[in-house]
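Both complexes shown next keep chain A, but they swap its partner, so chain B is in the first and chain C is in the second.
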Partner chain A sequence: MSASSLLTQHLTAGYGERTILNDVSLTVQAGQTTAIVGANACGKSTLLRVLSRLLTPEQGNVWLDGNAIHKLPARRLAQQLGFLPQSPIAPEGITVLELVSRGRHPHQGLFQRWSAADEAAVADALSATHMANLADSAVEELSGGQRQRAWIAMALAQQTDVLLLDEPTTFLDINHQIEVLDLLTDLNQTRGTTIVMVLHELNLAARYADKLVAMANGNVYAVGSSEDVFTEQMVRDVFGLESRVIDDPVTGKPMMIPLGRHGACKRKHASTADRETQA
Partner chain B sequence: MLTCSQKPHATQSSVVTAPTASVTRQRKKRGTRLAGGLLLLALLALALTLSVAFGARTVGWPEIAAALSGQVETIGDAAVASRLPRTLLAVLAGAALAVSGGVMQGLTRNPLADPGLLGVNAGAALAIVIGIAWFGIDETTTYIWTAILGAGLAAVAVYTIASLARGGATPLRLALAGAATTAALSSLATAVILPRGDIAGLAQSWLVGGIGGATYDQIMPVLPFLLAGFVITLLAARKLNLLALGDDAAAGLGEKVAVARAMSAVGAVLLCGPITAICGPIGFVGLVVPHACRLLVGGDYRWLLPFSALGGAVLLTFSDVVGRLVAHPAELDASIVTAFIGAPVFIWIVRNRKVGAL
Partner chain C sequence: MNPPSYNATPSSLSQHHEHHPYRQMRRAHAKRRGRILAVLAACLLAGVVLTLMLGQSFTPLTTVLRIMGGAEVPGASFTVRELRLPRAVVAVLAGACFGLGGVAFQTLLRNPLASPDIIGISTGASTGAVFAIVVLSLSGTAVSIIAIAAGLGVALLIYGLSWQQGVTGARLILIGIGLAAMLQSVTAYLLMRAPSWSLQEALRWMAGSLNGVQLEQALPLFIALLLFGGLLLSRHRDLETLRMGDDIAVGLGVRLALTRITVVITAVALVAFATAVTGPIAFVAFLSGPIAARLVGRNDSLLIPSALVGALLVLLADYAGQFLLPARYPVGIVTGVLGAPYLVYLITRDNKSRGTL
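Showing the complex of A and B:
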C-alpha cells in the first residue's frame, strides 16, 4: 500500500453565514502521523471535516495525491481515505465482527457477494487491533478502549492509505488513550498509513505525532515537528495559557506543565515547609 | 500492505482464532435465521388457513375446496370466495406496513418511527379526506394517487422542517417534526369532515382502517406501487446498515447520506401510501413487527426487511381473523385488533430490551 498525501490550498469553509476556516493552506506528508491541536472552536474539527469531504469548502480545495477530493466519486474516495468521527454511534446489538465487516462497504458492488478478500481484510483488521477474541461480543458491552479499537478495526477493514480521526481518545481513561495511540502508531509504522487526528491532549500529541499542526482562530498558527512547534510562546498564543515546556523524561519530546493561578502558590507553601524543616 | 505474518503481533493466538470464531458465529446466526424464517412461514400458512376458514358464516372443508378451485355454487362457497381477496390484502398490507416501518426506523435512527409517526399516514389521510369532501373522489386508483401525493407531501414537509436548523435533519428533529405535523394534519382532517354531515360516515369508517370488504378490483391497482416499494427498500437495505452507524461514519464509508435517505423514504412512502389509501391508517404493524424481528435476526437490514415483511403479513392476517371471531357475527376492524395485539407486545419489547439507539 503506497502512502498518500493530503494537501489544502487557500481553504475557506464554515456553516452557512459563519466562516470558520479562513484561507488555510496545509500539506500533510505521506506516511506520517499528524496531530491537529488548538483551543475549542479554533476550527480543528472543521478542518478535519473538510479533509474528509464531510463539509464542502466555500473556497479552495483538498487534494489527495493530486486529485481534488470533492470531484472523486464517493465510493472511490472511501477506498483511499477513511474517517472516524468523534464518539461514533454503534447500533444496538451489533457485534464487533458485524461492525468491522461494514468497513468493507466501499469495496463492494451493489449485488456483489462477500468475497475472500473481504473476509481476509476483516480478519486482518481484527488481529491488528487485538479484537479477534472479542469478534462475537456486542459493541455496547465493551470497555471504552475496546470500543474505540473496534471502530478503528472497522476503519482498517476499509483498507485506506489515509485515516482521519476526530479526537479518537476523548472520553477514554489515560491507559486507554495510550492504548489507542500506540495502536495508531503501530498502523503507521507497519502499514505506512498516513494518519491525521485531532487531539485534545497536547503532551500526547507532541509524543505521538511526527508533525504537529497548531491552529488558532480558523487558521494554522504553526506546522512542524513537536520540538519546533511546541513552545511556551505557542501555548500562550494558541491556548492563552502560561506554562513551562520541558523535555519529557521518557521520550525527550517537549511536554507542557500549565502554571495556573494556584500553581505558584503551592510552590511557596512547599518552600516555606522546607525552610521550617531546615530551622 | 503487509500480511499478517509480517506484523509484530503475529504470534498472538488471536490471529489464528479470528476466522474460526467468525465461521462458527456465522453458522450459528444462519441457524437462527433459518429457524426463524421457517417459523414465520409456518405461522403465515396457519394464518392463511384460518383466514379462509373462519368468519361470520361457518363453512366446512368441501366449501373451502370449492371456493379455492373457483366453483362458487352455494352461499358457503361465496362466503369463502369473498375471504380470499381480503386475505390477500391482509398479507400485502401487513408486509408493506412492516417493511415501511422498519425502513423509517432505520432512516430516522429512531426506534419509535413508523408510518404513523413521521406524518406520512396523516398526510395520506388528509389528502383522501379532502378528496372525498371537496372533489368527490370514489375510484380506487384516484384514492391511491391521492394518498401517495398526501404521504409524499407530508414526508417532504417533515423532512424540510427538520432540515431547517443547522446540522440538517437529525433523527430527533425528524421525530419532533413528524409528531407536530401529524397532530396538525389530523386536526385539519377533522376540520374538513366536521361541517360535512353527508360524508362523515364514509370518512369516519375509512379513518378507522380495516381490510374487510376488499375486492380484487381494489387490490390490483396497488400491486405495481407495492412491487416498486419492495424493490427500492430492499436495494436500500445496505444503505440503511450504514446510516445506522451515524451520518458521518456512513459518509466516511463512501455513502451519499442524502441520497440514501431519499431513496429509503421514497420506498417507504410507496409501500404505506397505497395501503393507507385502500385500508385507511393501520397502526402498530410498522412499529412492532420490525422490533420483534430484530430480536430474531439482529439489526442487519438485508435480513430485517424480508423478515419484517413475513412478520407483518402474519400479524395483520391474524388480527383480521381475530377481528372476525371476537365480535361474531359482526366484525371488528383489523386496525383495532392490531392495536390490542401490538400495544402489549410493544410494551413487552420495551421492557425486556432497551429499544435504544438503532
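Showing the complex of A and C:
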C-alpha cells in the first residue's frame, strides 16, 4: 500500500453564516501520523470534516495525491480515505463482525458478492484490534474501549491509505487511550497508513504524532515536530494556559505540566517551607 | 471492564478461507435468516390457500385447485375466482408495498415512528385519491398517479416545514403527525361532499379496506412492487450503511442525497400505489418493520422480511375482519386495533432506549 498525502490551500469553511476556518493551508505528509490540537471551538473538528469531505469548503480545496477530493467519485474516495467521527453510535442489534464488514462497503459493487479479499480484510482488522473473539457479540453489549476498537476495526477493514479520526480516545480510560494510540501507531508503521487525528490530550499527541498541528481561531498556529511546536509559548497562545514544558522521562518528547492557580501556590508554599527548614 | 484478550486469531488464518470462523458465523446467521424467511413465505402461501378455501362456505382444496386450473365448478367458481382470489392477491401485494415503504422510511430516518402511515404520507395519498375520484371524477391509473403526487407533496411539505438548519427526526415526526390529522379531516370533508358514497367506500379512504377489489387492480400494484421494490432493494446496502449515521456513511462512500432521494421516492410510490387501491390500511407500514426485526434480528437488511410480514398482516387481518369477528370489519379497522397499542407503547416508552430500527 502506497502512502498518500493530503493538502489544503487557502481553505475557508463554516456552517451557514458562521465561518470557522479562515484561509487554512496545510500539508499532511504521506506516511506520517499527524495530530491536530487546539482549544475547544478552534476549528480542529471542522478542519477534519473538510478533509474527509463531510463539509464542502466555501473557498479552497482539499487535494489527495493531487486530486481534488470533492470532485472524486464517492466510492473511489472512500477506498483511499477513511473517516471515523467522534463517538459514533452503532445501529441496534448489529454484531461486531457485521459492523467491521460494513467497512468493505466502498470496495463492493451493486451486485458484487462478498469476496475472499473482503473476508481477509475483515479478519486482519479484527485480529489487529484484538476483537477476533468478540466478533459474534452485539456491539451495544461491549465496553467503551472494546466498542472503540470495533469502530477502528471497521475503519481498518476499509483499507484506506489515509485515515482521519476525530478524537478517537474520548470517553476512554487512560489504559484504553494508550491502547488505541498504540494500535494506530502499529497501523502507521506496518502499513504506512497516513493518520490524521484530532486529539485533546496534548501530552499524548506529542508522544504519538510525528507532526503536531496547533490550531487557534480557525487557523493553523504552528506545524512541525512536537519538539518544535510544543512550547510554553504555544500552550499560552493556543490554550491560554501557563505551563511548564519538560522532557517526558520515558520518550524524551515534550510534556506539559499546567501551572494553574492552586498547583502553583502549593509549589511556592513547599519551597518557602524548604527554605525555612534550612534556615 | 474486561482486559483485552491478546490470544486473537492469528492473521495466518486469512489464508485458509475454507475453514474461516467468520465465514462460519456469517453462514450461521444467513442460515437462520433464510429459515425464518422460508417459514414466513410458507405461512403466506398457506394463508392465501386457506383464504381461498374458507369463507361463508367451505371449498375443498381440490376444488380450489381445479378452479384455479380453469375448471368451472357451479356454486364455487364465482366465490373463489371473483370474491376470494382478488382479495387475497391484492392483500398480499398491498401488504408487501406497505411493509417495504414503511421499513424504508423507518430505516432512513432511524426511528420506528417515522413510518409513512404515522407521518401523513399514506393519509396524503389517500386524500389525493379521494380528491381525484370525487372532485376530478377520475379512475384507474390516473387516481394512482395523483395519489403518488399527493404522497410526494406531503413528504416534501414535511421536510420543508421541519427544516431548521438541517432536519431532526423528532421534529419531522411531530410535524408529520400534525399534517396527518389535517389531511384526515380533508378526506372526511371530501367524502361528506359526495353524498352518493356508501359507508363502506368512505371507510376505505379513512382506514383502508379490501371490499370489492377486482383482480384488474392487482396488475398495476404488481408492476409497482416489481419496479419500485426492485429499485429500493438495489439500494439496500446503502440504506443499511446509513443506519450507522450520516458521517460514517459518507466516509464509507455512500452518496447521501442520491440514496435519500431514491429511498423516499420509491417508498412513497409503493405506499401511494397501494393506498390508491385499498386506502391507507392502518399501521401496516408502521408494524411490519419492527415485527420483522423481532423475527430476523437487525444484523441485515429488513426490506424483504418486512415485505413478507406486511403481506401476511394484511391477508390475516382482512380474513379476521371478514369472518372471525362478530361483525364484518374492513381490514384497516383490524390492523388499527393491532397497531394502536404499539404506537402508545413507543410514545410512552423511556426515551433513553432507542428504537428497534
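The rule is simple: the second predicted complex is superposed on the first by the 268 of 279 C-alpha atoms of A that agree within 3 Å, B and C clash if a C-alpha of one lies under 4 Å from a C-alpha of the other, contacts with A are read in each partner's own complex, and residues count from 1 in each chain.
Throughout what follows, contacts are C-beta pairs under 8 Å (C-beta built on N, C-alpha and C of every residue); 3 or more make two chains touch, one makes a residue touch a chain.
None of the values given here were measured: they were computed from a predicted structure.
Three-chain overlay on chain A, with chain B and chain C in a clash. In the superposed model, A:A78 lies in contact with both chain B and chain C.
Within the superposed three-chain model, A:P106 lies in touch with chain B and with chain C [touch as defined at top].
In the superposition on chain A, contact is made by A:D186 with chain B only, not with chain C. When the two complexes are overlaid on their common chain A, residue A:G145 makes contact with chain C while staying clear of chain B. When both complexes are overlaid on chain A, the residue A:Q159 reaches chain B alone and has no touch with chain C. Shared-chain residue A:D173: touches chain C; no touch with chain B.
When the two structures are aligned on the shared chain, A:V50 is found in touch with neither chain B nor chain C. Residue contacts after overlaying the shared chain place A:A116 against chain C, while chain B stays out of touching range.
In the superposed pair of complexes, A:A205 makes contact with neither chain B nor chain C.
Residues 15-16, 52-54, 74-79, 82-85, 88-95, 97-99, 102-103, 105-106, 110, 119, 122-124, 126-128, 130-133, 135-136, 158 of chain A are contacted both by chain B in one complex and by chain C in the other. In the complex of the two chains, the chain C residues touching chain A come out as 1-2, 4-11, 13-14, 17, 20-23, 25-26, 29, 165, 234, 237, 240-241, 243-245, 247-248, 250-255, 293, 297-300, 354-357.
Residue ranges of chain A in contact with chain B, taken from their complex: 1, 15-16, 52-54, 74-79, 82-85, 88-95, 97-99, 102-103, 105-106, 110, 119, 122-124, 126-128, 130-133, 135-136, 155, 158-159, 186, 190-191.
Against chain A, in their complex, chain B makes its touches with residues 1-4, 6-10, 12-15, 17-19, 21-22, 25, 109, 166, 235, 238, 241-242, 244-246, 248-249, 251-256, 294, 298-300, 354-358. Listed in rising order, the residues of chain A touching chain C in the complex are 15-16, 52-54, 74-79, 81-85, 88-95, 97-99, 102-103, 105-106, 108, 110, 114, 116, 119-120, 122-124, 126-128, 130-133, 135-136, 143-146, 149, 158, 173, 179.
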